[in-house]
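Next, two complexes with chain A in common: one pairs it with chain B, the other with chain C.
Entry: the complex of A and B
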């Protein structure tokens, strides 16, 4: 039961809303927890035990860390001067051990379930090469839904308690709800405790404004997913599953189509997620901010899957940046290597683990690791050429914010994104490299309009729906980028206008969505990561 | 809270009204432009577009149904006006709504249900999803036919390629397995409670309208076995329904598995269907009160269609 299904929209969510409202305010979070676990159970059945286990580990690690802090404060109060530092160091060590244990347990399960077979396969390949007479057997491991999302949330929560940024939640049930809240369990966003805790447990009564705006958001998500993404899935699958048959412009079209499909699908799902939270008055953080307006690869990642980027920045980039190794390099670099190189190497040291983890997080495949390294290289290269670029612009008297230069940068970023997604979707790194090379094999731009694309499973009407849908999304996106949507919201749109938008979106989905005859339901892509 | 309930109800009411209005338009369009609907929904569109009160036998079920009974052969033999309303992999929810759709315009004298679909059980959640979606598609046909805007844009061919739900499939792929596939066993395949629930509703609809409901099984060594037979027989006995299992009559029918299947014993081709239909025409006319409509003014189209069918059949037979 994914978010775009009838069962979710017409039975699960309404039933949860009704029961939520009928329950006394202070117990409403329990209804949300019960529905969250039911949702999880309906998808992953008895693997629910993993989520419950993760909740228990996270909760008690948090509680233990909190307790430690209280003890530390008490001891510090009665101690004097020098001793205080000693106490702090002792408790810091203890805290670090507890945090490490918690993280180890959570990430241990994630790594075991998600990466065991990958490692075994690669170790076996190495052993094969070295002609050693044994192989490691692969295991049939079932992955609970959302494990990659809730594990990161759990680690973030424990680290925040350890750093003293938040106080540990006292109720186990509430911690469990934070990790397992049903709208975000399948595809995120990866929330930080402070993002949701105030509204998640408040048990606010249902309000018409929340309901109507939440549902507008849900319908908008369905519009993107069902009208655009699911249609493009037909063409994308045809090209990527039979990549040996295609080359040149068709492969390029496949890369562009997949990028658009992924964006419409993932951001559409996020609209449904944010809308599903909104109907209860719960605010979930945004995961996308018009990523195709980005002028560089690094800006793209600040606008695309924002919550993952924020998580890596907070829990990997910053800790690595202030680690002993980086500090030592900084000292050494400033003396011997100059400002430019020191900064570049410092960035590389902190960015490398971020992008390695980003690639690996998406799955246990070399092509994902390549995907991470692809962005690492490009972002670093972007930093490296910055001074040269600035000088070049200066010489030619081009203002960095001029309309023309902005668009040159955007087009460059699009090419980077499309290429990245080509490798991301391809069936393995070898297939990705083959497809990339084949783009330059007899590239003929006329194939975009000479009817070739009509032979890939989509008819004229389908293309018309995709193009019109994309134009609508682009217009709304640009209104969002320029703050027009916010202004409309602040001006409190009239009730009639809201109803028109609701009916308009709903009927657009009902009439033009890719469901029924000739279409297969398409599973959520990111739910598989 | 009152505000929410009031507005919620108003929103739903307007939605229902809009959907109902669009549904009237969609049904009219579908009935006036035959061939505009493609894919699974085509069976619904075609049965809805049949002339009112002209069908006496409705054949329902999955692909085993519309590959085993040829309405044109029934017409040729006994002048029985039958229609195949089966769909590939038809689910019981679809059967239920297909029957209700057909009964909006038809008053049949017999409903024949091929029993293989009683064993289709994709799981609780899938069943629930299908139940919700089929109910919506039935009550708001605009949702079922929502893709017609595509055919209007891409173009469509109104040519008749079906003979009252039957298509001539003349490929031959032999079944070379054991011809004595209905082995003696006491095993009984489970019929899910979901299927049971919908079957009861189908039985009730037929009883309320005094339409006899008969279960049958088409010959299929790949799909059928004794455990399934036992389950259907028990079910039929429990609910007082007649059940005819043709898997036990393949010799009597004259089925030759070397040439009567188009996919190695899963389904019958037109030659196998002719044999089954010849037997069924006799069986039905002996056991049910089904009028012979041949030569009647209202059934002129049937005679024309039967002639087309004969020509096409002779052409493929001669190949």
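Entry: the complex of A and C
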């Protein structure tokens, strides 16, 4: 059962809503937990044990860290001056050990299930090249749904308790709900405890405003997923699964189509997720903010899969940037290398683990590692050429915020995004490199309109549905970017307008969604990560 | 405080630090700017900034940054 199925939207969610409303307020979070575990069980069956195990580890690590802080405060009260610093350092060390153990247990499971076979395969390949006649056996390992998402949430929660940013949750059940809340378990967003805890446990009664706006958001997500993404999946699969047969403009079209498919799919799923939270009055953080308006690769990542970017920034980028190694480099660099190089190397040292982890997080494949390194290189290169670019603009009297320059930057960013997604979707790094090279092999722009694309599984009506759908999404996106949607919301749209939007979206999905003969149900892409 | 404003102006002199209260929330100071600032602060005020301090509330305004610096100087 995925979020875009009838079972979820018209049975699971309404049943949960009814039982939630019928339960006394203080016990409503228990209904959400029961449905969350039921949802997980329906997808991953007995692998539910992993989620429960992760909840127990996370909870008790948090509780232990909280106890430690209380003990520290008590000792500090009766101490004075330098003694306080001593106490702080002693407890910091103890806390670090507990945190490390918690992280090791949680990430140990993730690394073992997700990367064991990848490492074994690569070690075996290396051994094959040497004289050692020895191969390590691969294992059949099943990955619980959402493990990459809830593991990061768990690590973030424990780190926040350790840093004193939040107090540990006292109830094991509530910690388990934070990690396993069903709308976000499959594809995120990767929430921080402070994002959701206020509304998640409040047990707020159902309200018409929340229900109507939540369901509008759900239908909007279905619109993106079923009308646009699932249609484009046909064309994308045809090109990427048979990439040896295509070259030039067709491969370029495949890269663009996959980028649009992935955006419509993932952001559509996030609309369903945020809407599903909203019907209960629970606010989940947004994961997308018009990513195609970005003017640079780094801005793109502040607008695309936002919660993953925020997680990496908070728990990897900043901790690495204030680590001993980077501090030592900073001191050395200031004396010997100058400000420009010091800043560049500091950024590189903090960025490298972020992008290595970003690539690996998506899966155990070299092409994902390449994808991470691709953005690492581009973002660093962007920083490196900043002074030259500024001088160039100054000489030519071009204002950095002028309309023309903004669009030049956007087009450059689109090319970066499309290229990155080509490698991301390709069946391995070798296939990605082949496809990238083949774009320049007899590129003929006329293929976009001479009927060639019609031979890739989609008819004229499909293309019309995709194009009209994309225009609708672009217009709404532009209204969002310019704050128009917020103003409409603040002005409180009339009930008639809400019903019109809801029915409009529902009928659009019913009449124009890609299902029936010629289409196959398309699984959620990010649920596979 | 003057020293702090001087450091901030070196990172980006187009911002009015006396009135700006949303340096991080409005992305006027990005993560690269923050790590440059942290290195400068550690050097100028002889403090050590830990990962726990890397929260928007500590960097959203010159005043918030100054409060953090003073707190860390007391703890040293």
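Everything below uses one rule, namely that the second predicted complex is superposed on the first by the 529 of 529 C-alpha atoms of A that agree within 3 Å, B and C clash if a C-alpha of one lies under 4 Å from a C-alpha of the other, contacts with A are read in each partner's own complex, and residues count from 1 in each chain.
Heads up, the rule we're going with is that contacts are C-beta pairs under 8 Å (C-beta built on N, C-alpha and C of every residue); 3 or more make two chains touch, one makes a residue touch a chain.
Just so we're clear, the structure is a prediction, and the values are computed from it rather than from any experiment.
Visitor: Between chain B and chain C, whom does A:488 touch in the aligned arrangement: first, second, both, or neither?
Guide: In the superposed model, A:488 contacts neither chain B nor chain C.
Visitor: Please indicate which partner A:208 is in contact with in the superposed arrangement: first for chain B, second for chain C, both, or neither.
Guide: In the superposition, A:208 touches chain B alone.
Visitor: Is A:474 in contact with chain B, with chain C, with both, or with neither (first, second, both, neither)?
Guide: Neither: A:474 stays clear of chain B and chain C.
Visitor: So in the superposed three-chain picture, is A:507 touching just chain B, just chain C, both, or none of them (first/second/both/neither)?
Guide: A:507 contacts chain B only, not chain C.
Visitor: Which of the two partners, first being chain B and second being chain C, lies in contact with A:461: first, second, both, or neither?
Guide: first
Visitor: Name the contact category of A:325: first (chain B only), second (chain C only), both, or neither.
Guide: It touches nothing on chain B or chain C.
Visitor: With the two structures laid over each other on chain A, which partner does A:164 touch: chain B (first), chain C (second), both, or neither?
Guide: Touch partner of A:164: chain C, not chain B.
Visitor: Where on chain B does chain A make contact in their complex?
Guide: Per the stated touch rule, the residues are 1, 3-4, 7-8, 11, 14-15, 18-19, 37-42, 125, 128-129, 132-133, 136, 142-144, 146-147, 149-150, 153-154.
Visitor: Taking the complex as given, what residues does chain C use to touch chain A?
Guide: These residues of chain C touch chain A: 27, 30-32, 34-36, 38-39, 42-43, 48-52, 54-55, 75.
Visitor: List the residues on chain A that touch chain C in their complex, please.
Guide: 85, 88, 162-165, 298, 302, 313-314, 317-319, 321-322, 327, 330-331, 334, 342-343, 346-347, 350, 383
Visitor: Applying the document's contact rule, which stretches of chain A touch chain B when the two form their complex?
Guide: Interface residues on the chain A side: 1, 5-7, 10-11, 21, 42, 205-208, 211-212, 459-462, 464, 499, 502-503, 506-507, 510-513, 516-518.
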